[in-house]
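The structures considered in this document are given below.
In the two complexes below, subunit A is the common chain; its partner is subunit B in one and subunit C in the other.
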Partner chain A sequence: MPLLTQSQADDEEYVLVASLDNARNLSNILKAITFKDHAIFSATPNGLKVTVEDSKCMQANAFIQAEIFQEFTIKEDLVGFQVNLTVLLDCLNIFGGSTVPGVSTALRMCYKGYGYPLTLFLEEGGVVTVCKINTQEPEEPIDFEFCSSNVTNKVILLSESLKEAFSELDMTSEVLQITMSPNQPYFRLSTFGNSGNAHYDYPKDSDMMELFKCTKTQTNRYKMSLLKPSTKALALSCKVSVRTDSRGFLSLQYLVRNDDGQICFVEYYCCPDEEVEEE
Partner chain B sequence: MDCVVTGGNVKVLAKAIHSLSRIGEELYVEPQEDGLALRSVNSSRSAYACFLFAPLFFSRFTTPSGQTFRCKMAIKSVQAVFRSLASLEKTVEKCHIQLDEQKNRLTFTLHCKHGLLKTHNLSFQDSESLQAVFDKDSCANEFRSQPRLLVDTVIHFPQSVDEVTVSVNDERMWFRNHVEDEAEQARAMLTELCLASDEFDHFAVKSHGSITFCLKELRGLLVFAESTGLPITMYFDEPGSPVVLSVTDSVLEGNFVLATLSEDAGHRKNNSRGGRSPQPPPPPDDFMNDDMDSFIIAMDTSMAPGPSTSRPSTSRSDYSTCSKQSTAANHRTRHRSEEEEEEEEDNTDDLDRPPNKKFCSLFFGSVLPPSSQMTTQPVISQEVLASDSEDDPQDE
Partner chain C sequence: MKFRGKIIDIACLNHFTRVITTISKLTKTCVLRLTPDNLFFVLSEKVANGGVSMWCELSEANFFDEYQMEGVSSEDNEICLEVTPENLSRALKTVQNAKSVKVKLTKKHCPCLTVAAELPTLSSSSRVVTHDVPVDVIPRRLWHEFKEPNMPDFDVSIYLPPLKTIKNVVDRMKNLSNFLVLEANLSGEMNLKIETDLVSVTTHFKDLGNPPWGEDASQAPSQSRDPEAMVQARVDIRKLQQFLMGQQVNPSKAMCNIVHERVVHLILLHEDVSLQYFIPAVA
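Entry: the complex of A and B
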């Protein structure tokens, strides 16, 4: 841990210090939510939450628990700031993102508080780079008011089966329709494109279906452009939970294992495009 | 129509569709007594391909009894059903193709592993019959080889090469890229390959000579043949007659028919602008005098039974002849404007455009059928054309 000695004197001033031996444990998960330039960082003693929103109707969150970091020190209950996510990712990959085993970029992320830049110390092979990224006033992330008690339908699928479907989705369709039902077709993804419509049906007894709890038949449509970015999170994940609530709001939760086998979560919330109760 | 394809045949079907997509933008589907025919033709009508899958290719094959059904749809939509070829083998257990006559839809249902069901409901349009005239058996030259031979030959020509010239004598076959202008010949890279007759499984030459045709469309067939390992048989005659490339096995037959450059066009030397003299003179607006225009592609073929092809045309006489006529009109206008375009700028950034318009006119000229059965149709259509002609000079 060569970086610690360098900035130990400054530690008193930082409200947040987070260190990783392998910066990829952060950069990989952030890539899964990079569809807009700006991200809201919220750090609590539990860990780091990074939020990206689109059009006020879609939100993606990445959660990296404090335990994932080699060092995670926070002096306040909540530290929040906004940064350009693309710039941050570029910095995290400043050494070229080599995938040679055994070689990794070490990261020390420090923040002094409101008005100060986010400072990144990155080291690989004895070479140290210091990046300072300007921060902005954090916007308040939208509260989708999605609570477990309101969930009408829930399934947990192995990501492998959904990956193929998502990569084949007809992009000429403006919406992705999700049907969840205790009866046939159980779980269906539908698109309505230029040449016709397509349906992907997952039966409830499929061995790809880890959990199936649907109480009522619901069909909801979501803008394809809002959901397509979730494919990145899907690609990284091994399992995904799909939940809809009584309003038709969609929650997608992805279980992601990082390089060291530790678990992180990525979550997508999306508002329905129009509500279609039953077909 | 209702058919089911299982196991490895799903991938074969998908590959056939992908290779047809290299020819044209639309897929013509026609279930017949002898199987399912999938066809495609390019926009300039200088390349045509047809795959016929025998009933035994399917684990279930039923065609609508009585009425013939044929349709066409955007080939991209069908390709989307079989998008990732690599995973098809591993995940798809069977593919069910059904016709929904009421909703005018063709439904492709893929039953995959883990119970996953993928359903694609594709809309289609009714279409006229699409068949080309060619007779493989009457061709002077016939060659058969493993696909690897042709693949390894073609790979030496860069993607930018449009046309290739194939020359044969009793012992050898040469492949050479075709360069038009003399001026260009000095600058272009010329590639020539020679294959000996013993590299072929069958090498029968009755007439020495050379033919020139478009390479791009050939590549589509090569991809299919290589993946299925089926030998390719090549038939050709004199320049101007189409070259036919076939792959066959017990349950399928694929034919790619490509137009070739005619002899006079090949001898143009000092030709820059306006040197396209071998072109037929701009056709008059009166369609009655134009043989080429009187039939597009709907003609009998040596493969298909005679009566069934003539009946549909007459039953849809008004619609189909009008559409033929307007297609011909478009074809000709584009023909002329493309000529002008080509003279003004360097050609072919658009590979879908016919590489050489000479091909299309010659293709039809060369396949003008001598039989009387054929001529009855054009006569009928000509009568209709005269009265419905869009380019009727009186109207303009």
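Entry: the complex of A and C
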């Protein structure tokens, strides 16, 4: 592969080298969290985590494990940097991002460390493109302190059941209200827009409901503008877990299969807008 | 001044329509020069075009079954018209199934190119559909502006990679930068480069081949040129993108001549149409 011979001399200098035979296995999942220009990249020997935050109230993370990559070499315990995500996506799709079967763009992503650009070597059909994207010092991602021991309600749904609801969400509603309860209505999404209120109910014994563990009735509202971007992650996923904790914080976890059928995860965390007391 | 052409062959009609459609994507208005043997679509280099110019040559015999033309005078046996190619393209597109199509220079409320198509019907008689496309007649004193451009004294001439590949890359690069550097050498290598504060991207094409201009005098100075040395021109990326957007059919030959830091000269040759496009370099 031409990409290897070009940069073998530099290999000792890179603290991170990650290669993929199909760049879409990275670009597709990044599209699911591209709602802001900047993303924080954290690489560990386990793999790559890409974080995007909004207004300090919402955070999206994409996880691509080391095993997904054809090569994943890291020389430190943690390598972190910040890049412009839209620029990165334009580079990953430089050959047009076509979905012609059998044609894919190979990627070699390299990073020398603090102060250096992120270097991408992309190859398709014998044509090589080299991109150098400037990096910034990574901000510290927010810790939402969301832990399993504090989870009050959890459901796992097949994504197709939520896709229709999310694509139809009334955008004139400032909030998306999520009600989870051991009793009726079990799991309900509600909007309050100019044309009226809308409710989407998912009963606990529905075919779409893979897991239903609700211990306490909770109704929480989240800013629509913060949650709407999660629709992209939903569209890519086959299953989604919805969890709330005692503070009303929301965790959405999406199971995404890439082009080769391998599993990656995307998660969204969101703070509640206000808490609604349940009668 | 008289002009009357008739197309009967459906493949010729399709092809002619495709050529006009390509021209319409390259420019909003241009000059149509009609001579006894050829049709030329010309865009002359003007500030209004951003310095871009175009020369498209068609041999009438490849398209028309009947072709009659009488120029302004016997010495100046030519007709020069300013046309809006999109109007002509639209008219032609609606008559693709015609039994015959006539294109004539007429005078209605203003000079027009009239497209008259004989369309088949279920009965034995035909239906005639007429489109009048307004044109402006260009007076003789301005004809010198629309002459065939000279082959520039290029520094490097190289065959282009597949246009679709260049187009994909240029489309993405346009999101990142307003300007692109096109460089090439005599070893069949071409690079497309953009560089901004945020990012630099270079796409490398190899083994493209260099056309053998050989005996051409303009080639002489570059014989001493180092074959690996790159020659470059920085262009407005939108102009290159516009050129690529128009190309619907793969040409039999596609070449690029570069005059270092002056101009990019693109040449596309199809069986019966040749298209030249000049993009000026910017600082």
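Convention: the second predicted complex is superposed on the first by the 277 of 279 C-alpha atoms of A that agree within 3 Å, B and C clash if a C-alpha of one lies under 4 Å from a C-alpha of the other, contacts with A are read in each partner's own complex, and residues count from 1 in each chain.
The rule we apply is simple: contacts are C-beta pairs under 8 Å (C-beta built on N, C-alpha and C of every residue); 3 or more make two chains touch, one makes a residue touch a chain.
What you see is a predicted model, and the numbers here were worked out from it, not measured in a lab.
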- Message: Should subunit B and subunit C be called a clash or a fit once both complexes are overlaid on subunit A?
- Response: fit
- Message: Looking at A:K75, would you say it contacts subunit B, subunit C, both, or neither? Reply first, second, both or neither.
- Response: neither
- Query: Between subunit B (first) and subunit C (second), which, if any, makes contact with A:G126: first, second, both or neither?
  - Reply: second
- Message: Taking the superposition on A as described, I'd like to know which of subunit B and subunit C A:G96 touches: first, second, both or neither.
- Response: second
- Query: In the superposed arrangement, which partner chain does A:V87 touch: subunit B (first), subunit C (second), both, or neither?
  - Reply: second
- Message: Quick check for you: in the superposed arrangement, does A:R257 touch first (subunit B), second (subunit C), both or neither?
- Response: neither
- Query: Which partner does A:E164 reach: the first (subunit B), the second (subunit C), both, or neither?
  - Reply: first
- Query: Of the partners subunit B and subunit C, which touch A:Y202 in the superposed model: first, second, both, neither?
  - Reply: first
- Quick one: classify A:N134 as touching subunit B (first), subunit C (second), both or neither. second
- Task: Compute the least Cα distance separating subunit B from subunit C in the superposition and give it as a whole number of Å.
- Result: 9
- Touching subunit B in one complex and subunit C in the other: list those residues of subunit A. none
- Message: For a test of understanding, state which residues of subunit B touch subunit A in their complex under the given definition.
- Response: 73-74, 76-77, 80, 83-84, 87, 91, 105, 114-123
- Task: Report the residues of subunit A in contact with subunit B in the complex, numbered from low to high.
- Result: 161, 164-165, 167-168, 170, 185, 194-203, 205-208
- Item | subunit C residues within the subunit A interface of the complex | 161, 165, 167-169, 171-173, 175-176, 197-206
- Note on the structure: Interface with subunit C, subunit A side, in the complex: residues 84, 86-87, 90-91, 93-96, 98, 125-134
